[in-house]
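A, B, C, D and E are the chain letters, set down in written order, and residue numbers restart from 1 in every chain.
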Amino acid sequence: MSADRLLLTLSDSSDSSDGHSRIEILNTGGYRSDGRRQYELRTISIDLSPQGSGADGSASLTHGLTQVNVCVFGPREAKMRSQTYHDRANVNIEVAIAAFSASERRKRGRGDKRILELSQTLKSTFEPVIQTSLYPRSQIDIYIQVLQQDGGLLQACVNATTLALANAGIPTYDFVCAVTGGVHSTSPLLDLTLLEENDLPNVTVAVMPRSGKITLVSMETRLHVDRFEEIFRLAGEAGKVIHREMRKAVKDRTEQLVASMQSVGRPSTGADVGDNEY
Amino acid sequence: MRPPSPSIPEKEFLFSALKQGLRLDGREFFETRPVTLTFGPELGWVECSLGQTRVLAQVDAKMIKPPPERPFEGVISIHSEISPMASSEFELGRPSEEEVTITRMLDKVIRRSDVVDKESLCILAGQRVWHLRLNVHCLSDSGNLLDCACLAGIVALKHFRRPDVEVIGEEVTVHHPTSRAPIPLSLHHNLYCFTFAFFSDTSIHPVLDPNHLEQRLNGGLISIALNAHRELCVVQKSGGVPLEPADVLRIVNVAVQKAKDLDVIVESRLREDWEGRKVEVR
Amino acid sequence: MTSASISKAEKSYIQAGLLTSPPRRADGRYLHDFRAIYLETGVAPLSNGSARLSIGRNPLDGSGGTEVLAAVKLEVENIEEQTLDGGRIACNVSCSPSAYPHLSSGALDDLQHDLTTVLHQTLSHPSLHPKNLGIIPRKKSWLLNLDLLVTAEAGNIYDALFLAARAALWDTKVPRTRSVEYKTPKTFLSASGDMDVDQDTRSGFDTRHVAHATDFELPDYWDEGEILEGRERWPVAVTLNLLHTVHFLDATLQEEASCASRLLVVYSHESPTAYTIQSMRMLGSDELSIPHLKKLIKEAEGFTRSMATSLTTKLEDEDFRRNQKAREKFGRRK
Amino acid sequence: MTIVLPGERAPARHVNLKLGPGLFQNSNASTSTGRAAPSIFATRAGTLNHSSNGSKWWIESNARRYVPAAQESVIGVVVQKQGEGFRLDIGTAHSANLDGLAFEGATKRNKPNLKVGSLIYGRISLAHKDMEPELECFDAQSRKSEGFGELKGGFLVRCSLRLCRQLLDPKYFLLPLLGSLFPLEIAVGLNGRVWISSQDAKRTIAIAQAIEAADPDAQGMDEDGIRTLLEDLGRK
Amino acid sequence: MDEDDEDFLETGGMKLTWPGESLTSSQDYMRGHGTYVDKEEVVASVSGLVERVNKLITVRAVRTRYNPEVGDLVVGRITEVQPRRWKVDGNSRQDAVLMLSSVNLPGGVQRRKLESDELQMRTFFEEGDLLVAEVQAFFGDGTMSLHTRSLSYGKLRNGQLVTVPPILVRRLKSHFISLPCGVDLILGLNGYIWVSKHVKENEREGEEAFDAEAVYSNQNDDIDDSTRMAISRVTNLIIILASRSIPLTDTILLDAYDWSLEQEGDVKDLLHEDASDALVTTILAKG
């Protein structure tokens, strides 16, 4: 199952208000409820323009109808010195889910256990990936705002955070690319919508493309061991396809910034005593 | 005030010992600490200990009017707050990371995974259903509270028996245990949770059921909840040092084998306790 | 709103600029100028009405403005004794930490609470209550949840919140409902025999005349519903930043930190002749003489009227633009 | 060896009486006979001991939380570097201070480079209930380290305070028994922490398990128990 | 290597990279900033421009926090007053430190530091004050230590602050720039730019007696209308240029200023879409 066979088409997924009749997860023609094929990923749109008030890096990412905004502040002075470490930066992640993000309105407070678990998972996913030892005593704040949920929430949070960190110029060992996988009786599916996530056993897998190593696995539904191994490998491969898409967005943004910075000649007064060395 | 992290000599010693295949308490890499289950006076009261980590779980049931959207199903609620009694790291203020993990895992293992057949808890549709309350108290933490809490929860549910109930038309009569033998809950399957710790230096072999020091110095944890029929319910590697896909699968397969062994121990202990108890009832 | 850190020198520079004649502001605006306002409706498809509004956003890279995302979600609510008939409105403001990077979580909660109180007390006032929020009298009605999310703050947050709220409420569609009465058809009864048999044989779902409706159904799924009744009444707020004799509008964070008090006036402009003050608040430490207050209220009426009319025209353009886009999309599909 | 409970009176009477830990002199002698019978009460449960001439009385009890007392040697973990000194966690309510110069041969320029997390074996120079304890790593007069200073390598075992005192008691069987089996280094801190080190990890683990097994708080094994434990550890 | 590595990304022959991208083998190259070594490969850890200087390979990130170097000129804001020192926000990884001993005290440069000075710290600088200073040294954990021991450094007044990404401020011989329109600019290397009224040469350096009150006073001089307009105009121009990440040098600012004078709309219209686009295209055209 080589990665390039996983095609990434720009199918315009149908809007979410389809009828409530019993929907076939995978019809005989091999199409899913939103018109995608088995291994097809949803449309990914990435916007790296600045958001929030004076954020160092930000990213807005959608997988189909799931939309997440992430703002990164730091490394900066910590608000409470008691939380700092003497030899590395403290990574602080806060997740907020908008009340109108799902079809059923739900106001989640700060102490909601699901949100605490999500931010804990993300924190322990990114702590070994960010080179925190370069910034002792400082703090990196990552604020995640979920604007719309249609399945693959953890997947979107991981990918958006990776992009925001790269955008903020915070050194990381590699991208972290996440994707969900599910099994409909025996046929595996990738990048599930909310409809599929509620019906099928599903797993979220995050991979670091360069080494192919797995940083995150999260499954909360019943699945036989053999089926698990199959979808686990497949999701690992799909992560690499998403990596290509994310890398392209970061490359374009970098290219655009470098181009405008290069385009202007040297200043006339005084020799330029070397660039603002990183 | 965060508890002081282990000293450098302790860190260096643990890692060098693990590299030579030695664990501080002499266990193999994939060997759990001895499991001891002591059952309480009433049914549904169990104290489970994994080495020196001890958790008490207790189930009680009462009849309630079911919520309108699910009139045919019973309700299960879990209360698991870790008091500072377990160890000074926990304080009653904001829940600590471990407490959130345990609460969520118990929720997934017991409520979301329909271990208990909720329909069987229905007495009179729309009117009366059983509301099972599982209280989990962490008595002492010397590493891996998660597995111990899950085991205690599952065994308490298996050990608990609810009074027999007779329904004629609208009228419900509850029989006292002395008049009619109480009925066990109908459980689809038993789920057991196994937590493996691995370390930032990935050349070190992952260990099952980490003790206190191994838990404090872990580079990441994988928790797998599954039943004895090779069916996974929860697989959770929430971050930590990245691993090769093959290593993750190897760990999952180890857990499958461990689930079978633990299931045998639990079933025999329950039968043993029930034999002792049955004599008293006569 | 929150006191961004500012030095005495900067503060006196800004104040001096405001008090000279002609007054000069940091970015060259006049006293009563607003920064560029950007509005988009229908940004949250899962909601019944939504809008994104930003004030003072840098046109080139979209950074550095005050940005609010507002969305309306309707829920069916059973009317118990205490909830009044005809539906209910609940507003809630949440501030994203990325809009207030220097605030601790405690201070952020306090700010959210203050903003929520102001918005809720004003917008849920009976004088503004839309009439088509009831479904079945004394049985079922709509609960309108208006959620506002502040994603970036660069001053003048109250004006942004009320403008975004008005835009989202303008965009809201209440699903059309038809009340229905359940009657057991005669064929059922004959089996049990002992019930007193009703003569007519109409279908179980008799919807024509409704003596006592018990429930409702959505007759046509694709039609999004009707607009909120009296949507022009939704109020618009203006914050008058006061500095001795001078008052100026749409203050940046630095300007807000340089003037000691602010007067927030919220007007509802239903029509050129029918306009009312919905709420007024004095913020900050200075006092205000009554004649000066009266003069300011008069001025506020003018400002809010022009804001209301320009917002309404912008909303109508938005409606037109989105219908156009929808038609093209369907056109392409055939 | 009489067992006393908190609140019981202790028959301690001597011209210059010295009270050790766990005893409390009630100053307002209720009895009218004046100075002669100041009442001494026990404030801890334990066994009442006194010196041969009856001038020194104390109570032997067990606990896990250490209360600092002057001139006691303890093992601390460096928690924070502060100016020239270090803050150490020695298992007490407040963290202790250790001046950077309180080491043998330490001068303004060459100070010991201790990292956060390093283990220190030191002696409590100041212990007062209202002040943070102070540590020093050398003998104030002779300015020699006398074994105090940073402990490198080895492993740290935590045990009850009574076991620490027993380990320092020459008559106690454990250390001689361990010493006879294999060579080892050991530093006993009276704050319930024992640092051990030997050539290889296997032996250090065996020593650690032996100490934990001998702890009165845990199984409290006697000599034979420990001997059998060490034998089957040796075989594995 | 990545498949599109052969066709060097032709942005002036420079190679762009992103985290996780392996650049070259670590045998023949030494790794610098923005990279790390993994399995004998030099791998990028930030997205930016790869630079090879004979045996050293570094990646310069396009967006990053200010990375201080000794001798840099920075503009900072006092966040906290502590015993014998001030904490200064310098838009860097941690708040910088300004020791009482590295500040000019009223009454002459040679005056010794008195006990009473430590008690009246706030008469010199207090929370929120803006100052221009030079990076003097670093502490153990990388915190900057600043000093204002020169007549051109000290408390800032008579103007307003603009923040831009630090990478846009190139290292120049002098970061004090006077524009002909009567506006002085201090381009802080940490991205904080102070735009203020022009102070004539003699007023600044030539003072004989070191005027105590003037140095730490919070009083602004009175500023005439044309200077205020010029300050607002320069501020808006800097904001526009920064949003298109055009590096800020004196020549560019001069060109932008002259261009904006020719436009008919007044200062506030500069911030509107069409004006900003026009400005950027003209600046880029000049190249």
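The working rule: a residue touches a chain if its C-beta (ideal position, glycine included) is under 8 Å from a C-beta of that chain, and two chains touch if they have at least 3 such contacts.
Here is each chain with its UniProt name: A, B = Ribosomal protein S5 domain 2-type protein; C = Ribosomal RNA-processing protein 42; D = Ribosomal RNA-processing protein 40; E = Ribosomal RNA-processing protein 4.
Note that the coordinates shown come from a computational prediction; the quantities given were computed from them, not determined experimentally.
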Those chains which touch subunit C and also touch subunit B: A
Count of contact steps on the shortest path from subunit D to subunit E: 2
Chain whose Cα centroid lies at the greatest distance from that of subunit D: C
Two chains joined by the most C-beta pairs in contact, as defined above: A-E
Distance-to-centre winner among chains (Cα means, whole assembly as reference): A
Subunit A and subunit B, separation of their C-alpha mean positions in angstrom: 31
Geometric centre distance via CA averages, subunit D-subunit A, whole Å: 53
Centroid spacing, where centroids are CA-atom means, of subunit B and subunit E in whole angstrom: 57
Per-residue overlap in subunit D, given as positions that touch at least 2 other chains: none
Subunit C, residues touching no fewer than two other chains: 61, 63-64
Per-residue overlap in subunit E, given as positions that touch at least 2 other chains: 79, 244
Interchain contacts, given as pairs of chains that touch: A-B, A-C, A-D, A-E, B-D, C-E
Touch list for subunit E against partner subunit A, complex: 9, 11-12, 14, 16, 18-22, 33-34, 36, 38, 43, 45-49, 58-65, 67, 69, 79, 89, 93-95, 141-143, 163, 166-174, 189, 244-247, 249-252, 283-284, 286-287
Complex contact set, residues of subunit C against subunit A: 44-47, 50, 61-64, 67, 69, 71-73, 75, 92, 94, 96-101, 104-105, 109, 145, 147, 149, 151-154, 221
Touching residues (chain side subunit D, partner subunit B) in the complex: 77, 79, 89, 115, 117-119, 151-156, 195, 201-202, 204-205, 208-209, 233, 236
Complex contact set, residues of subunit A against subunit E: 54, 56-57, 74-77, 86, 131, 135-138, 166-175, 208-211, 247, 250-251, 253-255, 257-265, 267-278
Subunit C partner contacts - residues on subunit E that touch it in the complex: 77, 79, 127-130, 155-161, 218-220, 222-223, 225, 228-229, 232-233, 235-236, 239-240, 243-244, 266-268, 270-273, 276-277, 280
